[in-house]
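Let me give you the structure first, and then I'll get to my questions.
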């Protein structure tokens, strides 16, 4: 069912020429994917995909459509080459999958080798019931460190390309009292969003969520605030040129935590070295690094949003 | 100084000299003094090495190991000594000459010229003393690259085109044929050292060895074996001292020398005797001699005529080696020296004529002998030596070549040598005749060339004479070559 | 654990954390200093690792977070990774030492801090790829270095830098995604991501289509990353329009690391028996490499912008490395690794020299450079040295590469391959000699006569690299020695 | 023939290829980027499918379930998603700059402009 919908959306997206609707379809596609992930027991991933695919990416795409225009030229080029490349690749994939283990097979090698270890020992090793968080932040914490730096890199790249965005007023939508209503609503909403973000941030050990999702939510709160109040006001809350620095700080926090264990002669990112009791150490470590992740993600996304939305349209 | 030290010094001098010359570019006087001193120092060093080598010693020296089993090392054997001695003997003359020539013709970039000249000599010495194919190849390429700026010196489109052909042919042959040949040898024999009796015996079958032989014969493009001789006439755009360097002192000599070295120390005369390919190589050499001589006949431009004469004379060396008789191998070795002395004299003379009279064509030389007596006397000596008249260097080498051919009843060789001698006469005698016995054309009021030039060419002419009388040293060296004594 | 045990992680984390530090401080002079110091630190660490390998320490495993592989991620140091790591970190030091003047001239002031930060990220990312023993972790670092390099390329002054960067972004991301799919297939069948662990488990599965497809996707993905002909289209513009220091650093390191990844997957993870004997990767690679070497050397001859000329030559040179890899004998792979090392030196020297020309003349278009040899003798001297090495003239590093490649071909008796190598070397002669003639044998345009040499801060790094080309052409004990040891490891099986 | 078990994968393949097609065929840079997004998102589905265990619970330890789905792919994809959005952000900002410089985001126009510039240099 979901798959069928996905197919439909995907093909619509391929055919559509109006970029605006393509973007919308893309965001729908992400939402459907998220739903599919829920169906496949990947709650954290679903959460993230919804927040990022349907949220962040869409906002960014719309922001850039505002600058580059929404219509796509029709081009007459013989798509045969492209089609054949795609056909070959697809064939290769089908071929590769033709004797792959079945979906959901509990005895598939993928479920056998490393995974069971996590499921059985994660609690004892890290004291974190959310296996995803355990693996993400501890077992494969180095990947997540890399991930944080990817985010930082992206922020840096956008800053280099578009500049950090000066605080000028972006055009506002609707009439004055419309905007007042908007402000009212947003004012009512933002505290809850922030609370929810904090919950996601610190409850990641036990339920779905963690630094990354929390960062996205934080950012979305600011985006909302910015939309209704304009950059001037937002800039008073957090000046644009702070954001990259905050992002850097987050990355440094993560790295710093990792380095701590070096000083007591343990390998990088060995949280157990952070406290007498290894479990407590793990808890502390995970908490801190998730904080770093959250900080980086929040500030980078906000910064990128600033950079895009303050860019003047080319006339 | 111990012999290895002397060897190291002989290798170091030219390069150090080049560096100093480059640094002294700002003070022409000091620089030119240096340009004279360095060659004399090299000559002294080589002379000091001579007795030991005559005594049968083989001073050697390994600089470093480039790749496992492959070293950059040098060792002096008689043939190399002979070549080095020739180069060392002619360099001072060439330097003296080029100082005069560059000044008289107001050439630009004189510092670059002298520096590159010195490096080229260094390359030649490296070739002469190389103890294995790798070292030989490296020095050979140094020589190629260092002579490029000399050939391109004038830097006009004509010079650049000539230089492009020069570099193109030499590099493509060396990278395209010589390097694979060397690597093949390395794969087959497991060593690249020059050994008396060769290293290839019993490694590959005769067919492959034949192919390898031709890879070497044409890979060493500096030997100008036809049809890969194009670069030599093309390089005629260079200033005359460079032509002298190319034809007499370093380049082509390095070519035939390397070829001889490969034949003697990589293949080994005995192996060559068994190879069917040897006959083919002999035939090529013979053809090269005759064709080049006939082309030379038809050249009116003096330097081009000399160039084609060089092409044919070089093949004498190969021919001598491929007769595969001890005496003719002797002749081949001696011919390196003989041709060097004769040809450098001829080019110096041609350059002198250009400098003094701005004449380049044979047809313009009527009566010039009375305006430039010294120059033309030297020229005549050189030419007669080329033809092979006693008592001149050319006679000596041809005598041994013929002797070898006679000894091994190689009538084809004898025929070729006789015919080519006639051809040599046919393209040299007219020049001499014109110079002395034709009336001078009216409006030529030039005198003799600058003294430094005249001095240089008289010196080399003298050498051509002396070689025929005091031939013991070169002969002894040549006889010490494996297969060089009956 | 003592400091020497921590060297692997330091070689990556020092630049990785120095980058945010630059941004945090946000002063361009400080940023340059931090970047340089970080690079020096990383270089020291990797030199230490190389030394340990030279002393025969054997493969070293560093368990991140103290979780033993395959549960956790491990760093793995062996001869190959130590050698490539040394190239990367050494180039970083040289380029950064050179960067200040050049960047001042080519990049707007407010972007310089970001440039240094991004350079550090590329450096760290590449180092991570080289060291990690975990397939997915390699993907993460690949993305770090790629994203940073997109940004760096886009900072060129010409607007074509932007399109080049975008093209690179699309191609690069496709490549990375292909690799991701491949890794997915492998994980599907083995349940592990650790390379050594994979190497143990794959032979049993070598007949499953899934593994074969995984191999195909990983190969294609890496091929995109290393600009293998015909997937090279993104590279020339990227190297042409990027700022000089960026071109120099990427040309000297990025494709090399991609080749490293190829070697790693082909020989360490999948193993010679599967990749070559079973899947016949060489049948595909060898012809493509041969065509690349010939065609792109030819194309290089007709370029007007010297940076673009070098870029095309880079694609051709990558062809040599793939050739060695595809010959797939120990000798061939040795040739590949030796050339990987030497080519970094050549292209580093050449691009730095061009950077100095850019600094002085403001262009690297051959039309602007007549007589430059008299005006900038030292700069062009270094260029000539690099060029000769590129041609493969004896006593330069390039000669060693050619020597090993040709002997590998002879050992196989593949004469046509030797012909290809020879011809392409001659083409290299042609495109280098165009520059030589312009630089030394055509008169300077009027008014520009007289010396106008680049400052010492540019010349010194350029010349040290140029001289390195000489040194490694004479003393090959490090390059060849390490390469041979590395090949021993690769054909021994697991990394 | 294990159709139901692999059917899911096949659909995923089709989705991937749809995205891939957009990337290489479409001339509009924004569209290319969106295609890239589709492609990657589909790859994510592929990974998550690998980790699915029939009637397994989400990998959050509780006393209820005894069979859990595989957490590892989830972690990998969390990372991959972030990488994806990072790439999208950088790509979009490149597009914005390109539009400012060329006045177009159509590959053909840009290519034409570049070829022109190259010829001017030559």
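For this structure, a couple of remarks:
The chains carry the letters A, B, C and D, assigned in the order they are written, with residues numbered from 1 in each.
Rule of thumb we're sticking to: a contact is a pair of C-beta atoms (placed from the backbone, for glycine too) under 8 Å apart; a residue touches a chain by one contact, two chains touch by 3 or more.
Note that the coordinates shown come from a computational prediction; the quantities given were computed from them, not determined experimentally.
Nearest to the common centre of all protein CA atoms is the CA centroid of chain C.
Mean C-alpha positions place subunit B and subunit C at a centre distance of 44 Å. One inter-chain figure worth recording: subunit A and subunit C are separated by 31 Å, centre to centre, where each centre is the mean of the chain's CA atoms. Per-chain Cα centroids separate subunit A from subunit B by 75 Å.
A straight line joining the Cα centres of subunit A and subunit D is 14 Å long. Across the assembly, subunit D contributes residues 16, 20, 33, 50, 72-73, 76, 79, 83, 86-87, 90, 94-95, 97 that each touch 2 or more other chains.
Residue positions 93, 97-98, 100, 108, 110-111, 114-115, 118, 140, 143, 146-147, 150, 153-154, 157, 161 of subunit A each touch two or more of the other chains. Residue numbers of subunit C whose C-beta contacts span two or more other chains: 136, 140, 143, 147, 150-151, 154, 181, 187-188, 193.
Contact annotation for chain pairs lists A-C, A-D, B-C, C-D, with touch applied as defined. Interface residues of subunit C facing subunit D in the complex, by the touch rule stated above, are 136, 140, 143, 147, 150-151, 154, 159-160, 162-163, 165-166, 169-170, 173-174, 176-177, 180-181, 184, 187-188, 193, 304-305, 365.
Residue ranges on subunit C touching subunit B, taken from their complex, read 388, 392-395, 400, 402-403, 406-407, 410-411, 418, 422-423, 425-426, 429, 433, 437, 440-443, 473-477, 480. On the side of subunit B, the complex with subunit C involves touching residues 64-68, 72, 134, 137-138, 141-142, 145, 149, 152, 155, 159-160, 164, 167-168, 171-172, 175-176, 179-180, 183-184, 186-187.
Residues of subunit A that touch subunit C in their complex: 92-93, 95-101, 108-115, 117-118, 138-143, 146-147, 149-150, 152-154, 156-157, 159-161, 163, 244-245, 247-249, 251-252, 255, 258-259, 261-262, 265-272. Residue ranges of subunit C in contact with subunit A, taken from their complex: 1-2, 6, 9, 13, 16-17, 19-21, 23-24, 26, 62-67, 70-73, 110-111, 114-115, 117-118, 121, 124, 128, 136-137, 140-141, 143-144, 147-148, 150-151, 154-155, 181, 185, 187-193, 197, 208-210, 212-214, 216-217.
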